[in-house]
Amino acid sequence: MADITAQASTAAGARQGITDPYGPKPRRVISRRNVFLYGTLFVMAVYYLLPLYVMVVTSLKGMPEIRLGNIFSPPLEITFEPWVKAWSTACTGLNCDGLSRGFWNSVRITVPSVLLSIAIASVNGYALANWRFKGADTFFIILIVGAFIPYQVMIYPIVIILREIGLYGSLSGLVIVHSIFGMPILTLLFRNYFSSMPEELFRAARVDGAGFWGIFLRIMLPMSLPIFVVAIILQVTGIWNDFLFGVVYTRPDTYPMTVQLNNIVNSVQGVKEYNVNMAATILTGLVPLIVYFISGKLFVRGIAAGAVKG
Amino acid sequence: TDLEVTHWWTSGGEAAAVAELAKAFDATGNHWVDGAIAGSGGTARPIMISRITGGDPMGATQFNHGRQAEELVQAGLMRDLTDVATKGKWTDVVRPKSLLDGCTIDGKIYCVPVNIHSWQWLWLSNEAFAKAGVPLPKDWNEFVAAAPALEKAGIIPLAVGGQAWQSSGAFDVLLAAVGGTDTFLKVYKDKDAKFAAGPEVAKVFKAADDARKMAKNTNVQDWNQATNLVITGKAGGQIMGDWAQGEFQVAGKTAGKDYTCLPGLGLNEVIATGGDAFYFPLLKDADKSKAQEVLAETLLDPKTQVAFNLKKGSLPVRGDVDLNAANDCMKKGLAILAKGAVIPWTDQLLSQDTQKQKEDLFAEFFAKPELTVEDAQKRFADLIASAD
Amino acid sequence: MTAANDTSVSIQDLSLNFGAVTVLETLNLDVADGEFIVLLGPSGCGKSTLLNCIAGLLDVSEGRIFIKGKNVTWEEPKDRGIGMVFQSYALYPQMTVEKNLSFGLRVAGTPKEEIAKRIARAAEILQIEPLLQRKPAALSGGQRQRVAIGRALVRDVDVFLFDEPLSNLDAKLRAELRVEIKLLHRKLQNTMIYVTHDQIEAMTLADRIAVMKGGVIQQLDAPQTIYNRPVNRFVAGFLGSPAMNFVDGYLEDADGGWRFAAGDIKIPLGTYDFAKPPAPGPVTFGIRPEHVSLNSGTGWPFSIAANVEVVEPMGSDTLVWLKLAQQNFSVRVTSERTPKNDEAVTLGFDPMRASLFDTATGTRI
Amino acid sequence: MTAANDTSVSIQDLSLNFGAVTVLETLNLDVADGEFIVLLGPSGCGKSTLLNCIAGLLDVSEGRIFIKGKNVTWEEPKDRGIGMVFQSYALYPQMTVEKNLSFGLRVAGTPKEEIAKRIARAAEILQIEPLLQRKPAALSGGQRQRVAIGRALVRDVDVFLFDEPLSNLDAKLRAELRVEIKLLHRKLQNTMIYVTHDQIEAMTLADRIAVMKGGVIQQLDAPQTIYNRPVNRFVAGFLGSPAMNFVDGYLEDADGGWRFAAGDIKIPLGTYDFAKPPAPGPVTFGIRPEHVSLNSGTGWPFSIAANVEVVEPMGSDTLVWLKLAQQNFSVRVTSERTPKNDEAVTLGFDPMRASLFDTATGTRI
Amino acid sequence: MSKSERPNLLFRNLNAKVASIPMILTAMVVFVGGTVWTVLYSFTNSKLLPRLNFVGLDQYYRLWATPRWLISIENLLIYGAISLVFSLVIGFLLAALLDQKIRFEDTLRTIFLYPFALSFIVTGLVWQWLLNPDFGIQHVVRDLGWTSFSFDPLYNSSIVIYGISIAALWQGTGLIMCLMLAGLRGIDEDIWKAARVDGIPMWKTYLFIVIPMMRPVFITTLVIIAAGIVKVYDLVVAQTSGGPGIASEVPAKYVYDYMFFAQNLGQGFAASTMMLLSVVIVIVPWAYLEFGRRK
């Protein structure tokens, strides 16, 4: 189904005449199929890109221009002031340091949460796939059903649990919460992935004398890059973007970026400063966006390896 | 000592007011750690409650005084301030007395009221009426009459933001203003459902129907955005509490010249003694407990009271302060207060549960023209019947 | 330039490349009407690619393809009058066998009765009547394969293309279905092009075998010719199991005529049928294990003593491994005459049955 | 009850079920020291399951397993003194060959020099020295297989377990590696238990073959015994390619002794060696294609005329298909004597080479 | 020989059991424990703090008599149907288009996938703005001279839930597309060839052959979409806060509002129990079929 392979055949066609097909079938670049195909894709791409475009353009305009102009028109006069403001001077209550503080908090929350949740889930998935014991499936099913429970329902019980173990309000508490709620989907992914690995490899390692951890660390882990990429992407996105847990289970000095974003956006002072809001929005989404742009290809591969096989 | 204080004052005027409190507290050698949570009480309160019940309490926190924190107190999570209150003779200085009642549970005082907020104001844009060519209305009825002219001039007669508490509050204001103080108390204090279904309240619903018709083109969510419509002359008026005044001030507008305020909608000049209060969770750390006392005292300090309330646009909780700097509207409020024309506000009278149901009802009522006045009143009466 | 009229499939100067990789190069192949051609070759040699070109599933880069005298180079697969059977069966898993068979016809708008008739016929030929209402998942491997053939059958085509249709089956089933395909061909008399890398299949089924390597047809001939007179060392080694024995050495022009020498061993080639005028030089001597006899007297044109290394009894026969000129050498004997390990034996064979290849180019001498 | 001391592996009353499915049932098997046992059987008969039980990779449901006289039923795999080679090679893809070989030793904490020594030895035996620094992906199938064997080798174990180690390779390579394994066994003299469903492998490699079906060992004997005197019809049909011919009929007590009758055909069984006292009744007569001769004179105890149906040339030999008492019947002849389709031929064979089975139970008579 | 006895099964596979402790704890303490706790307290009249004052089914009677809850349920059904249908259709369509060996596949895939990297809060904000009649699309189109053009889904009670769905689809279809693409790539190449030889048009091949073959992918996808639907909250809050009026309320928001805003935990718990119940009814049988009885 190559698109543009017409050149070779025109030469051949000239030599042979139309009546005697020779070589590749001539294909017009502008065929009905291509018009439909690329047309649809183009329209969809516009739909998907439009909001990003509007965000970027708006964040570079001054307020007067926004009020008068058209949201789609490019900025007449590019200003980075909204970005500066969003990053470092926007106020919530008395704190006027914008998103900058939230950024580091988010990093401090996201990194350990991602590591811990993936560590737990990968071991769980491995145990479920290769070391099945009685009852394991029941726990797993509970876990999967747990993925459907609205988080709001769990806020209160978790407050109680965290209080009882004395981790309420601390970063570790939040890390645990993220690990818990990341567990169902991640465990499912890892379980499917490890199940799709050849069983014989696992058996060979057992005969070689490696134990539960030996096999996991030395045999399975080095082979699991794609699924780890998927897990990392999902968790970085999920945890970085989390608002509810971040606001409920932390204190103001450890608020993540999304909470700061919400504060900035909702701390309306007179008119809404759309440009600042948009800059703040982009800044907040930047980390997961970068992760996606860098590793999108691996993501699809990992998804194919881990999610699709039931 | 660092003391973390959580609140949901994040709009322009509010933030400026909080800064005054922080300044005063910092002046005592302590440090105010600001824990603002943007949004509204709805966003902020669950966080505050979670933290208190979760065992990670802040040093002090804002609530609307009334019944919001009742159970926290009952659960023994909040600090008893009776000593501080006795020392500071709060019972004498706080005015009106009913304010302290909201803080008192089983004879003990648990909170520090910092201001009196009254909802009963109609804010009018002088510019808008000028543009429409109609004289400034003196009361709600004139305002309703002027609506068509405003609309013709492309002005939204009444700005009502999309948030549910705004519609619900507007109705409560109408209830007190159009229905009168007795009606208000009969419905909310006595919870007389039969009365709520009766003709007196029907009149109020009629007024609310006018209001929702006048407001139907408001495409904003936040109250201050609605206020901003009035400030910029895009809307004729807004029923909103005195905190709206802070926004006018921040925008550099002058009362009487740029905008006009009608307390009690010009019909029934009363003021509800709602407001904000600070509660102090029980802390283990002795230093912080000490700092809590200092903060409690600071909050009621006359100087702080003045500075804070001027910025916030609310009325101070003590009568012995000098408010010469107050503007036109504030003075009107003070006068009413002095006359003693006060009513308790819904925060004190109704549980949050009932408040929320009421909000849901009026949010629907204002947004959905198909919901008839009769149906709405019936549902309102049912709600009052089950209220607590 | 059109195809000869008696050919069923004619491929002229076909080339195909994937990007920079040339998989097939100026390939020519004429298949007679009703002929059973087997494409045989190691994995990756381009067998499937060639078949896909014929089916119209791949666009050729150069050349043209005629089916029944019609130039179909640019035709859609469905218009070429071909039916194809795939290695993985490629049955539509969610449809019953009957639906699988009829789907193509229904899409083409064939009348109902006609469809029913054709299915009935195919089902009868393949004896899958009892399976018509089952789904593929409920069929055994052999049954699935038969359904896959049925799908080609109902389309009433001139040419059948098979891409390793039996390689997913176990040995026993493979042997059975092999005979069935053979009988089917005899019954239908269609042209069939059959890809495999299993030489037994190739030998038993083909009218002619095309042995391929690296996208080039090495030899196209009747099975026995290919077996007995392979044109090069590759073909010789690829066909036959156990494989042909090869001994590297030199071709010498001795007094009595040509002879093959490797170390001490000198094999006179008096009876050998040279393919081209011989010249001295390094050559490889090849002889099949079944053409060597063990301890069977001295009546052979050539015989030599050796020591048995390994004995592999295979049931019906036994394979005896020994060393000749330090090179592995196997002999097939019937089970009755099995020697023991390390036994000293005499080998005998007729050089007429051997093949000689130029060591450098590998072509038959 | 302990194992006899001269057995290397002894399996006593082993049962295994997955949930409700019983895969192995009270299975007993004693393997002598240094013996090469092949487990042969169709897919799904429980061969791998049995091997995994021996290796300790599956928990048995009942019974016990002794290795070298020690009860290892509940030991970890690594403590059983076994090495295992898998069908898919199961090489660790991210490690070099050397790392693959040494992994088990490193896990066990063997000293560095010892590891180096053992690897050097294994590499030499298997001739994989040049490959030590490569990763598995850079190896050919045969090389991978050798590394997999090497991994068992370096562990210096008493018992080698092979689970279809050659079935992923092509026919040619399979034949080569088969010989290598045979030589390896001869060199090492370890006990080996080898699973396959390829009968050639079984026949050529085994000291004794255990033919399994449905989790039960049907026959455990030397290859030739199994080939020539199968205990039941299943074993008879499973071994041999082309498969044994079966003709259903009756056993009759005629004047001259017992005879087999199917339609018009009567085969006198004078020379047949009955396994148990015969009685009249329905029986199946079986004879291998290579034990039947075609047109080779009248010197046979029994001969009959028939018409050729299909001829399958297989290179070295030819398989001729015909009908006997309306049932398919094949004869293997050398390529030289190949008849034509539809040719009338005479078959001759010696009933002594035949097998008779009770049609109902399938057991040998 | 002690080894000849069957060892205690509890200690076999011990490492695996130890390693699964986090999972077991999460499952039992958080999910089961939390759920039981929630259900238990839904029968009480707990207000701000949980208290064991049982009031029977009162909370449930009240719940089902509340217009807002009924609207929430209705909205969830509409939103769910839209998300499900359109995510699957658009996701599959995009995947199928990308699977045509087109150029720029990587770029396009990234474009379709990037919104998934953004939080619902961000998504909600952007779309709120785009759909704002005074600034967004309506305003722009009107500026172009088409003054009667009206497109203000977020400010129109009767279609607000569709407006919310637009943003949800924008955010979510990328992932679905990825899953579908992975599924399509897993289809045996020979099936396509067989269909071409049979002369089956492309769309029919997709519809009758490929889609039925992708059952496992669709199931995974369905789980992911469904889990998202039940939980939808942030998006509504960020876009409309449930407005106009209560036209875009959803159950998760009802739960949250009544638990925390109205300080009526009992009511919130009753609502969440209803949500849980529906989840359990749908999911548990499926989960058992899918994960329970394999291997």
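When the chains are written out, they are named A, B, C, D and E in that same order, and each has its own residue count from 1.
Keep this in mind: a contact is a pair of C-beta atoms (placed from the backbone, for glycine too) under 8 Å apart; a residue touches a chain by one contact, two chains touch by 3 or more.
The structure presented is a predicted model; accordingly, all values stated were derived computationally and were not measured.
Each step here moves to a touching chain, and the least such steps from chain B to chain E number 1. Interface comparison, A-E versus A-C: the pair with the greater number of contacting C-beta pairs is A-E. In the CA-based superposition of chain C onto chain D, the rotation angle is 180 degrees, rounded to steps of 5. Centres computed as Cα averages put chain B at a distance of 92 Å from chain C. In terms of their C-alpha centroids, the spacing between chain A and chain D amounts to 53 Å.
Taking each chain's centre as the mean of its C-alpha atoms, chain C lies 55 Å from chain E. In chain C, there is no position where the chain touches two or more neighbouring chains simultaneously.
Counting partner chains per residue, chain E shows two or more touched chains at residues 12, 256, 259.
Counting partners per residue, chain B has 46, 53 as the residues that reach two or more other chains. Considering their complex, residues 1-3, 37-38, 40-41, 44-45, 47-52, 54-55, 58, 66, 70-72, 120, 123-124, 126-128, 131-133, 136-137, 139-158, 160-161, 179-180, 183, 185, 187, 211-213, 237, 240-244, 258, 261-262, 265, 274, 277-278, 281, 284-285, 288-289, 291-293, 296-297, 299-300, 303-304, 307-310 of chain A touch chain E. Every residue of chain C that touches chain D in the complex is listed here, in rising order: 42-43, 170-172, 175, 178-179, 182-183, 186, 197-200, 203-204, 223-224, 227, 239-243, 288-290, 310, 312-317, 319, 321, 332, 334-335.
Taken together, the chain E residues at the contact with chain A in this complex read 12-13, 15-17, 19-20, 22-24, 26-35, 37-38, 50, 90, 93-94, 97-98, 100-103, 106, 108-123, 125-127, 129-130, 135-136, 139-140, 143, 170, 174, 178-179, 181-183, 185-186, 216-217, 219-220, 223-224, 226-227, 230-231, 233-234, 251-252, 255-256, 259, 265, 268-269, 272, 275-276, 279-280, 283-284, 287-288, 290-292, 295. Residues 47-49, 62, 66-68, 132-134, 152, 155, 157, 240-247, 256-264, 267 of chain E are the ones that touch chain B when the two sit in their complex. Within the complex formed with chain A, the residues of chain C that make contact are 1, 59-64, 71, 73-74.
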